[in-house]
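Can you keep this structure in mind? I'll have questions shortly.
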Amino acid sequence: APSSDPAPPTPAAPPASAATRVRLALNWFPEPEFGGFYEGVLGGVYEQAGFQVEIIPGGPGAPTLELLEAGKAEAAITAADDLLVKREKGARAVAVWAAFQLTRVGVLARADSGLQRIGDLGGRPELKVAIEVGSPFQRWLWQRHGWEGKVQAVPTTGSVAAFLADPSLVQQAYVTSEPCVARARGVEPVFLRASDEGWNPYGTVLAVADPPPAWVPAFVQATARAWQAYVEAPARANAELVRRNDQLDPALVECITQAQAPFLTGTDGLGAMTAERWQQSVDALVTVGLLKPDASAEGAWIVPQASPAAP
Amino acid sequence: MDALPVAFEEVGFAWPAAPAPLLRGFGLRCPAGTLTALVGPSGCGKSTLLRLAAGLLLPQEGRVAPGASARGGLAMVFQQPNLLAWRTVADNVGLPLELRGVPVAARRDAVAEALGRVELEDVAQALPAALSGGMRMRVALARAWVQAPRLLVMDEPFAALDALTRGRMYDRFQALWEQGRPTGLLVTHDVDEAVLLADRVVVLGGRPLGVVAEVAVDLPRPRSASLRHEPALGALVRQVEAHL
Amino acid sequence: MIPDVSRHPRLPAALTALALLLVWALVAVRTSPLLLPGPLAVLRAAWSARQALAEATLHTGLAAGAGLVLATGLGLVGAVAFHLSRTLELALYPYALLLQTLPIVAVAPLLVVWLDYGTPVAVASAALVSFFPVLTAGHLGLRAATVEQVELFSLYGASTAQELLLLRLPAGLPTLFAGLRAAGGLAVIGAVVGEFVGSNGVPRSLGYQVLYAARTAEPALSFAAIGCAAALSLGLFVVVRLGERRLIGRWHAAGGAA
Amino acid sequence: MIPDVSRHPRLPAALTALALLLVWALVAVRTSPLLLPGPLAVLRAAWSARQALAEATLHTGLAAGAGLVLATGLGLVGAVAFHLSRTLELALYPYALLLQTLPIVAVAPLLVVWLDYGTPVAVASAALVSFFPVLTAGHLGLRAATVEQVELFSLYGASTAQELLLLRLPAGLPTLFAGLRAAGGLAVIGAVVGEFVGSNGVPRSLGYQVLYAARTAEPALSFAAIGCAAALSLGLFVVVRLGERRLIGRWHAAGGAA
Amino acid sequence: MDALPVAFEEVGFAWPAAPAPLLRGFGLRCPAGTLTALVGPSGCGKSTLLRLAAGLLLPQEGRVAPGASARGGLAMVFQQPNLLAWRTVADNVGLPLELRGVPVAARRDAVAEALGRVELEDVAQALPAALSGGMRMRVALARAWVQAPRLLVMDEPFAALDALTRGRMYDRFQALWEQGRPTGLLVTHDVDEAVLLADRVVVLGGRPLGVVAEVAVDLPRPRSASLRHEPALGALVRQVEAHL
């Protein structure tokens, strides 16, 4: 299986004669977790690489792979587990790059709760866990820890409000979201990483049609450069995000940017995808019964090669 | 129960948005237990007078007796049959009794008797939609006659009936009338009918409405429909018609 | 050889069902199965999840039915209250409208806190959504009696209760039932959306099934669950129609009589 | 010194508003401000986001209005079609009901893919939700004319179009407007829920505002946005009432005449 | 346009759910341009006959002419006024012309004339709800008279009117009648009226309904309302009444 080091910041490829139009469908609101893509547009990285990129912001339930499928987008952001499950259902999409090395998913608890990791919840029957009941993550946790009937799951409401109001609640969360909101609202949280429990599918995967069009390698390279630039200097993209949404105040953006930094690079470095990680995700999904036992990660992801000459 | 006298005193009334008031300083008295027939041109205000007497409209000036105080002791035949479409004929007739809380069994007997009077026993279980115009009007008659009212107000009750049926209804009505002797107000366009049934015929006309003439009818009761061809009655009819 | 519609009143609906299935299958073939699974896939999914779906349908149906009954009761009480007091009507009618405007999705978290997870939220949200159509229809229906009919009742000294029960209510039934027809479907969707938020993780509701299927990228199952919800609406609709036919069929079809 | 209601018809509603605010404030004091912010907090949030809210209200209002107009048009066309063809009615009426049953939240992704993000999804979902009440009310309204009135028209050789336009439609207006009253509020909620999914991350819609306020745990702003949605419903309701008064006020209040 | 003859041939008709058929082998002919008055007891089936003649009901057996073929050349006064509550009096009267596509200006003139005939110019812009019962019926008359029909069907059109107004309406009706000479069917309970207006009085009765008697009226036209007291007319009236 191919494996790759983080894409090196190689010099820009010669710009294509006519700009290639790429509509990039995001699976959430425009927030720092997509900072690199905005930086790519604002900083001209995509333009230099010959791409005219149009970012389609999303929200809850944004059907990004479906937009890809319907030809309404050329590139889509999705999660690795989502991609794997949908590929088995016939989706013709393939992952070509991963922004976050550690999944942003985890559990939000109060700093004074004494919880160190998600597994500690097993001994705390007084706590309720607000979580997307039935989601792969929830099933994985309950199955792995044998929590069925022991730990009480309640539905999430998509807001951290209940968590703030109810000390007996811990909540499924994204590191790029709830912890910062909770802190801003005056509750000091602790974020317990899902990756520590063996649940670690790539969370923000760039997917394109399968088989990938010829422009993909150049696009991936440009993306990698854009993200590198963002990690080094997030100010410009962040300012744009704040400009676009006046509910997103600069302090919150700043907090999210800091919180997400370690998750972006992880141990493998920005943008990397490894066979071990993909296989681990497949195994987890097989364990919770979302993939057939004989499923494999083969073909779900590639490291695009521009030409035999490319690194 | 005693009959209720009817009295209009200096009554003023105007319909909303009407150019001129219909009544101004209108006066009329009907002693308890007498039957007064009201005749007058179409649209002069007869139905409005009946509504005032029954308390369904309030005068803007003056006093009307009994008005709303007669509730429960009043029966009225409207100019249209005014039946409830979702009730059978029998249930329509029984309505006034039902509203007074008369028990079912007593009601059933009274309804059967009233329907017999208007010759509609056969259609007791039919809905109003399945009746002819005259049949509907007879249901309305039965509904007004099913109880013994202290004041009986009827707005052209026999107009939709053929001469023979009408004649039989006259007889039934008079029998009923003699039993309870309520006060009666009868609007009719048929002067023969007015003279045959009433103690007094009041000719109405003009705007504002006024009493043009009053003709007392002193024929002996009971008066059969065949009396219609008697000269005494004919003379009274011509007397009334002279004022129309 | 066109069959006589009046003899086979169910035939057109059945034919349409066939036609819709065909169109669906054709569109589905040209669309990604992720977006629009074909009828066969949905049937297969429904069959393999038949027990869960049946249970969920029962569960959601009870919630929707309870919500509808609640909404009908409250809507009628409201309509009667507004009828009896113009002051009350002026004071409250505008706010009744607001009840319907609250996006359940946004209010459900509050309901969860006040009512606890599970069925109560579903019932409340079903009732919330279907209340206003019943209120409006009831309100209009109570004014359906003619002026002369009202005069008749006041003439015979009818009490307010008698006027309501024996005149205004029966005269208003046709209008009321029009409101109930719309309210039935709304109650189902209200219950399902309430269950989105308040399902408490117990897979015994259609809301959960729809959501769960979406989470695990099982559009076929999602469609199967939606199909069950649709069947529920149809069921409530049929119940309303039966009530309608029983209560007013005989005289209302007759076109009334003055 | 009770003021006369008939002279001050707006007074009761204003007093109720005050009373509701008071109750709200009292309940809010006893609840966490995160779950139920007090009226003042909501007002403050609304004021500081006034520009975004105003823009969003306009945006959502247009979507809801367009959806309602669409639903009214289609609902009337459907009602007329069903009226003209019993076969069509038998074939399609049950399925019209299904349109209303689809949980918008579950269908919106499909709409997004078919119609593109943004306003089209909001309009479609508003129309989808408000279609059935209009259809049902129109369907019933078209049968409101009496048998004798229909006879009159057929007697004078009226064409089908004349019978519809000059008899069935005016006779059915009171019923139709009852449906429209309910449909107005539904259209707003339909638009808002459509915007939940189809907002395209552009903060110019109430759906986005409600959702994003939840996301950033700003319940006061969420309530402010819901308040704007409620105001929109009220606005649509008032528009419907004005239309009603204009078109049928004069004769319908009069109680009709045979 | 030519008047349309009316013919019932071996007609059978039963209302749904009725215990016995209303008509069985019923026959009646009314030559074009003649006016036939139908009299008979309440509920015997007169209105049903008119509906059959106008094609509003279809016979279950036999043939009825003109039936539905008369559409557009037919005018009818129903037993109830049957006005459209949302239209003003003038617009109610203009309806038949509007349905035929008569231009507005011509319509306005015709409506004004028709309203003048029934003495309701003053309330042209009122809604039906603001009219008295007799006024509503006159609106219905004006609506039927506003055009020149080939067949004119009237179900107790004058029953709600007082004697004087009725007399004037008789005159207006006869003038109109002489102008166009349509075929006419007139249901009435007033035998005087039947004899005064018609060329022939048909007495109906029985179930199934049958023609009890026919009385030809050969009085000269025009016949003024005062003719009512003439012995010739009185004799005919008694002749009809003998069969009732």
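Think of it as A, B, C, D and E in the order they're written, each chain with its own count starting at 1.
Note that in this section contacts are C-beta pairs under 8 Å (C-beta built on N, C-alpha and C of every residue); 3 or more make two chains touch, one makes a residue touch a chain.
Fair warning: this is a prediction, and the values are worked out from it, not measured in the lab.
A.B. asks: I need the common contact partners of chain A and chain C, sorted by label.
C.D. replies: Joint contacts, listed by label: D.
A.B. asks: Which one of the chains is farthest from chain E, going by Cα centres?
C.D. replies: In terms of C-alpha centroids, the chain at the greatest distance from chain E is A.
A.B. asks: Could you grab the centroid distance between chain B and chain E? Build each centroid from C-alpha atoms only and quote it in angstrom.
C.D. replies: Here the centre of chain E sits 27 Å away from the centre of chain B.
A.B. asks: Taking the mean of the CA coordinates per chain, how far is chain C from chain E in Å?
C.D. replies: 49
A.B. asks: Averaging over Cα atoms per chain, report the distance between chain C and chain D in Å.
C.D. replies: Those two chain centres are 16 Å apart.
A.B. asks: At least two partner chains per residue is the criterion; list those residues in chain D.
C.D. replies: 35, 105, 109-110, 113, 146, 148, 196, 211, 214, 255-256, 258
A.B. asks: What are the residue numbers in chain B that touch two or more other chains?
C.D. replies: Those would be 80, 130-131.
A.B. asks: Of all residues in chain A, which are in touch with two or more distinct other chains?
C.D. replies: 61, 63, 66, 70, 157, 159, 161-162, 165
A.B. asks: Can you identify all of the chain pairs that touch?
C.D. replies: Applying the touch rule to all chain pairs gives A-C, A-D, B-C, B-E, C-D, D-E.
A.B. asks: Looking at the complex, which residues from chain E come into contact with chain B?
C.D. replies: So the residues of chain E touching chain B come out as 15, 17-18, 39-43, 45-48, 79-80, 130-135, 138, 155-156, 159-166, 189-191, 241, 244.
A.B. asks: How about chain C: which of its residues touch chain B in the complex?
C.D. replies: Residues 146, 148-149, 151-158, 162, 166-167, 170-171, 173, 248, 250-252, 254-258 of chain C touch chain B in their complex.
A.B. asks: For chain D, which residues count as touching chain A in their complex?
C.D. replies: Checking each residue of chain D against chain A gives 32, 34-35, 49, 52, 105, 108-110, 112-114, 116-117, 196-197, 199-203, 208-209, 211-219, 221.
A.B. asks: For chain A, which residues count as touching chain D in their complex?
C.D. replies: Within the complex, chain A touches chain D at residues 26, 29-30, 56-63, 66-67, 70, 72, 157-162, 164-165, 177, 181-182, 185, 244-248, 252.
A.B. asks: In the complex formed with chain D, which residues of chain E make contact?
C.D. replies: 51, 54-56, 71-72, 74-76, 78, 80-86, 95-96, 98-100, 127-131, 136
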